[in-house]
């Protein structure tokens, strides 16, 4: 496309958008709809779990989160379909010994931190996806340094197909258990605190582990290609 | 007898009905199909579609409301298309394309007309009369006139008819064109048409011009195709007079014409197959080589011209009597002109075949009985329908009954 | 009324999809087929419930508008063709050597199906968006599965356009939330302001995004490549189901009546342009793809004049177009390449099914294509929009010529010498084709009650 | 039941009354005669050379002729026995078709036959239109068309064009059938129409006028012919005119009588000419002469028939003509034209008999001076010739006969001395698209220049003089009728 035309097009779109922004309820004013309707209800009824963001993500709008986890999963699978028939990549060049040493050193700590972020998401900001990013990053880091073959060896072999779907599967499990306990799918039984806690934990873990594996495999698949 | 089956779209049902008109049409179809069945085998596709189009023709005949009629009508158009291009030559394919373009445009007009009519009157069954806007009727008539090969929209006939295998030409000319006229008859059965001066004009023009062109055409099957255009325009002409007797004539003309033109096309097919003759100018002495075939051809030609007491005369007479009763002098003149033109384009063929010397002598090659019998049967039917026209249960009686049911 | 089968409708295919990668290549198609049949059962069950009342489900027990609501209404009955077409596409693909029936391929199809299910039952704008993403990303993956040259590029292009559409939709959903403070569709509908630029921008943005997803002319440029290069089983899903999601999105958009004038023109343009483009295609699948553009145009036009008709048409067209793509796939499979001249000579059954599908696509009664088209024409006439009724019929005529052309190519041209002795398509291909072809006639025969059901 | 009810399809009705019987008996008698002649005078499947001249046509003529002639007679009977117009029309059309085959059997008759066919076809259509119109209640225009349709068949004046060609080209027995029987069906029709009360009065005058004009015109044209068969054919036009004059003037019985006279006499004359042709291979007057010696019986019969046609008062046959003449009394102008026609008839027949049978023998070849055609023809001729004698009665207008005979003799002698040869009338082959196809449509082909040229020439040579003559005669008639 002609760049000038594109510029004109974008400008033409931007002007009404900016105008619309100007016409929106004033930002931050307490009487605008987003503050008076649903959101107020969330805040007023309070977090049943420790963290309001997590409550919204996993509880009020758990279905959406489920969907997003599925998005990530399907992204991986789509890439796997494409990468399926590529031949394995060459082994990476041998890394610098200093870098290799440091990476070997920090790997367990990073892993520990990742799991911490996953599990602490229930109380403080954080959660499954953030943890997954950290764990996935760890694998990718190893891959960069020691080559994809090594990174691949970090992943669980036979369990991999099960674990990479851990996110959606955890949600489904929670949905079923919650359905049995409360009568609504993805409902959380507040009257059974232990079960409630376990379900949230399971979901966070599922998202975290599944997500981490997905990120890793995405990296590996792209590396292969 | 009526039978209402499914509701295809809201308010419109699949609706079958057996009345005199439909029975006559269906019976004609049945017999004509029997006539075209013998002959060389042409493969699974051909025979399957032949059977399918027969069923669809029966559907047209027994349709009980406008929607059902259009449905079978369109499906028949489409089912006939692979038959037209059966020979798979480039010429045939071109003819098929043209056929489709015409027929589908007609179908679009019909659908639009049906929509207008449905908006105004709901489900239009053939048992009741309804009030609808003139526009709807005009659209429907225009749509049907494509199939009926009225003049500005006749273009598919002279291409498709000659190119199809002979039995298919027979069916096309005998019944396919007739479905258009049949549709028009069904229309005026249920709705009071606006003044039909335009229809009169168009069909009159069609009768005359197509006839003139036929006299100028050397290709035998194409000449017969033009003849079909000219002859079948009698039916809309008869309809446009709005007289019960003329209408009965129009209805019976469908049947009579079907057998005559069907037989003629079969003869043309035999000529092509056994003597390799495609053109009228090559037909010198053909009758000496194939006396039985050309005998039937001659008889059928005379019938088409309307020489009494053959069946073509009966329909012409009944239409003419109705026109005279209604004081429609111009259509009457056109009717007779059409007969004269029919003689002008058919008699030279007959004369050449019987009296001119053949380009090369050869033994008699009349086809074997299974192939010859349909042709002779068509000729026999022409005689019987002509002489026995007044017998109860014969087409004329049915047509009169049908027209009685229609006459407003 | 509430039933747990409603979330199950979404959960079953997704769970199935997540589990496929754990299986061997041999069992994956069977598993996929089983899961989709189960989904079909659920969809049919829910459709049956719909005869009494719409089904609403508050996820997690939070009543709308505070929680997420799933709602099975008339529009959601699209779940039935979704499940059906997807279910038939899987066994159909087992004979192709494309990676559709690898575990990953089946997983993409299953998850994509789950995404569509979520999309059609979502009663919340954000949920709608999320599941739109699920199905879109699956769709990109499905296109990319093809072994055709250029498939990767087509998928990438599709991805670009689809992402633009998604972003626009997301922005608009955000605007709506800002304006109303709610995401629940019914709630948003009630709380919409009377006017103003932001509202119009939000509605326009939603419409534009969904129109892009639906591939309406001139936003269709991604579609022909994507649909034509994808494996045929996938093309059936893409053309039959996924572009319809754009239409369903439009139908869910609040305040669409502001845009009727736009929709009617865009629809008409798409209708004619799609048909004309289809006329000049030399490749069967590209022709079918453009025919989809044309039909989408018809539906968009129908949105403005007769919503029921439009809804009926997307349901029927899903089945029809799927049957056509599957038949095309069978031809290509037997021909071994895209050069399919004369293939139909040795495949009379497939050719017949293709012809039936073509007739249905043109919209000849009593096939399924007729019902919706008829209602839209009637609606246009009733609204006094004469020209558009004429355009619809004109488009049908042009499409008919396209289909006729390919019938000629397939069944009336001589097949090349190197392809003597091909045979009819294998049973596993024939059965899906015939089920769909029969259905595309069947839904037309009961078109009246069907339309009445949809119009409720 | 009146034969003029329109009828309904598929129902054939028949009726019998005196008129029917009259025409039917005439048909049957002439039919017998013609058949006998044909059996003797035409060649069988292995026909000889002489037969070709008389019967014309290709080998096996007789069988073909009989095959055509028998249904022709049946169709004629069908026409006259028809109880309604539809039945009549059915037989009428069949007759037209059979007539084509009759004419077509002649040598070089292709053009004439084709012209005959088209004329009959158009005539038939006009007739059909007339029938339909009458059936539809428009008896005025209907009657006009009926008259026109029947007129074509009868050879009434403006639509007589086919008759001379067809009658002269057909084989002799066919000519006898045509002139003797077939054109009488037209007269039968006109008779029925004019005797019907529903027919407007005005048409009587029209038929009368046309008949009168035809009588004079035909006679004049006949007088200048050099071909015996053409001469007889034109004479038929003239005689039909006489009959129509009678019908128009209301002299119905006389007309019917004259129908009988003309039929039998003309049949004898045609057969006689046929016999001559059989012997001498030509019918050109210039090539014949003095045959009374070799063919005395033929001569006698011809003379007898000629006298009957002239209106020789001692024969009962003249009664019809006399009655027609009486009906004209008081209209001097009509009487004048009628006189002209009568004189013309006398001159024609004198010419025929004199040129063929009298004078020096022109044929020098003794080999062909064989015996006469034989007993069969003689017997037949006697039967036919006897017809006018069936009801002998005393003449009532001897002076008139003498006057006409005298005038006719003068006319004949004048022609003999100074008469110009009339430009030979060529029969155009119609239409040119008959066998030679022109380029196919679309777009009608341009008229080729050669065809245009021919058309102009033909107009100058043939049509213009005819029109001039016709104009003069009509002017005279109009003038005297005023």
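Should a chain be cited, it is by its letter among A, B, C and D, assigned in written order, with residues numbered from 1 in that chain.
Here, a contact is a pair of C-beta atoms (placed from the backbone, for glycine too) under 8 Å apart; a residue touches a chain by one contact, two chains touch by 3 or more.
Just so we're clear, the structure is a prediction, and the values are computed from it rather than from any experiment.
Taking the mean of C-alpha positions as each chain's centre, the chain lying farthest from the centre of subunit C is D. Centre to centre, using the average C-alpha position, subunit B and subunit D are separated by 42 Å. Distance between subunit A and subunit B, defined via averaged C-alpha coordinates, is recorded as 73 Å. If you average the CA atoms of subunit A and of subunit C, the two centres end up 30 Å from each other. Those chain pairs judged to touch are A-C, B-C, B-D. Listed in rising order, the residues of subunit A touching subunit C in the complex are 16-17, 19-21, 23-25, 32-39, 41-42, 59-64, 67-68, 70-71, 73-75, 77-82, 84-85, 161-162, 164-165, 168-169, 172, 175, 178-179, 182-188.
Of all the residues in subunit B, the ones that touch subunit D in their complex are 212-213, 215-219, 222, 279-281, 302, 305, 307-309, 313-314, 316-318, 320-321, 323-327, 332-333, 336, 339-340, 343-344, 347-348, 351-352, 355-356, 387-391, 394, 396.
Across the complex, subunit B is touched by residues 6, 8-11, 86, 89-90, 93-94, 97, 104, 110, 114, 117-118, 121-122, 125-126, 128-129, 132-133, 135-138, 431, 433-442, 444-445 of subunit D.
On the side of subunit B, the complex with subunit C involves touching residues 6-14, 44-45, 67, 70-71, 74-75, 78, 81-82, 85, 88, 93, 96-97, 100-101, 104-105, 107-109, 111-112, 115-116, 118-119.
Those residues of subunit C whose C-beta lies close enough to touch subunit A in the complex are 4, 7, 11, 14-15, 17-19, 21-22, 57-62, 65-68, 70, 99, 102-105, 107-108, 111-112, 114-115, 118, 126-127, 130-131, 133-134, 137-138, 140-142, 144-145, 152, 175, 177-183, 191, 196-198, 200-201.
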